[in-house]
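Let me begin by presenting the structure, written as structure tokens, before commenting on it.
Chains: A, B, C and D, in written order; residue numbering restarts at 1 for each.
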Amino acid sequence: MIADIRVTVDAADIDIGAELARLEALGGGGVASFTGVVRGGGGLTALELEHHPGITLAMMTRIAEEAAARWPLLGMTAIHRYGRLAPGDRIVLVAAASPHRAAALEATAFLIDWLKTRAPFWKKEHFADGSSRWVEARAADDEAAARWSTKA
Amino acid sequence: MIADIRVTVDAADIDIGAELARLEALGGGGVASFTGVVRGGGGLTALELEHHPGITLAMMTRIAEEAAARWPLLGMTAIHRYGRLAPGDRIVLVAAASPHRAAALEATAFLIDWLKTRAPFWKKEHFADGSSRWVEARAADDEAAARWSTKA
Amino acid sequence: MPIEILYFAGIREAIGLSAETVSPPADVVTIADLVGWLAARGGGHAEAFADRARIRAAIGSDFADPGTPIAGAREIALFPPVTGG
Amino acid sequence: MPIEILYFAGIREAIGLSAETVSPPADVVTIADLVGWLAARGGGHAEAFADRARIRAAIGSDFADPGTPIAGAREIALFPPVTGG
């Protein structure tokens, strides 16, 4: 099964209906998806996302191909936004089409877990009082980063 | 967390974008979904779905409420179509909104597994040669049915 | 009291009706009795209920076993095992 | 040969540039050497690279360790640990 993989990093909003319709049209039994939304609270007014176009897209593509090698997928879509987003805005879509519903759901979980914790993005939070701060890498991410930085 | 549950059995097509947007608006971090599509092959020209309006909706609602009790969900949607569908048509949508992506994905898997194997629907397959046949309950479903039929 | 009987899927097709109203005699006490009484009409009813192991039932919105009493029921559904969506 | 250096996130902000082209001397052999050489400029560069444990790097589209030689590199990115999307 050769999976039809679509990976994008874009400032524009994500058209969930159109993206899922593309995967439905591949003829599998089902399409699983996960849509991430910017959460508010704590006075957050905006989340700013920065990425390295070459690295971010290359790594997202590699992980999507890894998912397609592990599960019998007809297609996979991973779209991540960058730039300034407000609470409630869509930030990421992962979706997978497969003849097997468990495969579609597991591949989706795999890719969103990687995207939310290890994908090459940097996030800055802006608050109502005018302050802002870069989100620190969590310990787990530092460890993940350490793995590649100690290979030398 | 009181989950906003929407359960429908309808002949009309499912507007995936609108349904997921409703769940996104509940303010959680993410929305997981699974869309089932009628599979073709073997000369299948149509799949006809029959249901018992009272029982089918009542049981779908009960299972959605069970999911909402097991996982921290902000909302859940389960829409199943009935009537005559062609290969490629959407047949079912399950979706869940949660602050936790694993909860949204697991609740979606739980509900689609139940819907695909144990929900009260009857399916008739129509073929290009004019023949048709009712889909037989699989052994696992017979066992499930046996559980309630031997409670007396 | 008359009971509305709903038929689904292959049972509906064999009988040629999706619903009918019946008034069974007093010795029809359970779902199993009802199915036997309906089957005794012969024709499509006999054909629909030939294989009793494949008959399932519900009273109102609740599944019911063959031994469930039908007293007080207003609507009873008879159908083959469900196949999932 | 001149090298294009890309800066991201807090490092970009401290330096005040998202990219610059530099021509390091021959004794700048590795990523670690390059970071030390850039930090020696003082000002925003010194501030950006004060905590070496929090500097990550990539040559082209591949992550690179501090010990990776930079010979032949056309584009090197320097950034803090990634935080996921």
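Here is the rule we go by: contacts are C-beta pairs under 8 Å (C-beta built on N, C-alpha and C of every residue); 3 or more make two chains touch, one makes a residue touch a chain.
Everything quoted here is computed from the prediction, not taken from an experiment.
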Those chains which touch subunit D and also touch subunit B: A
Chain pair, most C-beta pairs within the contact cut-off: A-B
Centre distance in Å when subunit A and subunit C are each reduced to the mean of their C-alpha atoms: 52
Approximate Å spacing (C-alpha centroids) for the pair subunit A, subunit B: 26
For subunit A paired with subunit D, centre-to-centre distance based on mean C-alpha positions, whole Å: 26
Residue numbers of subunit A (touch at least two other chains): 36, 116
Pairs of chains in contact (touch as defined earlier), listed by label: A-B, A-D, B-C
Parts of subunit A lying in touch with subunit B, wherever the complex brings them together: 15-18, 20-21, 24-25, 27-37, 39-40, 88, 90, 99, 101-102, 104-105, 108-109, 112-113, 116
Subunit A-facing residues of subunit D, complex: 6, 8-10, 12, 56, 58, 60-63, 65-68, 75, 77, 79-85
Interface residues, subunit A side, partner subunit D - complex: 36, 49-50, 52, 54-55, 58, 80, 91-92, 115-124, 134-138, 141-142, 145, 148-152
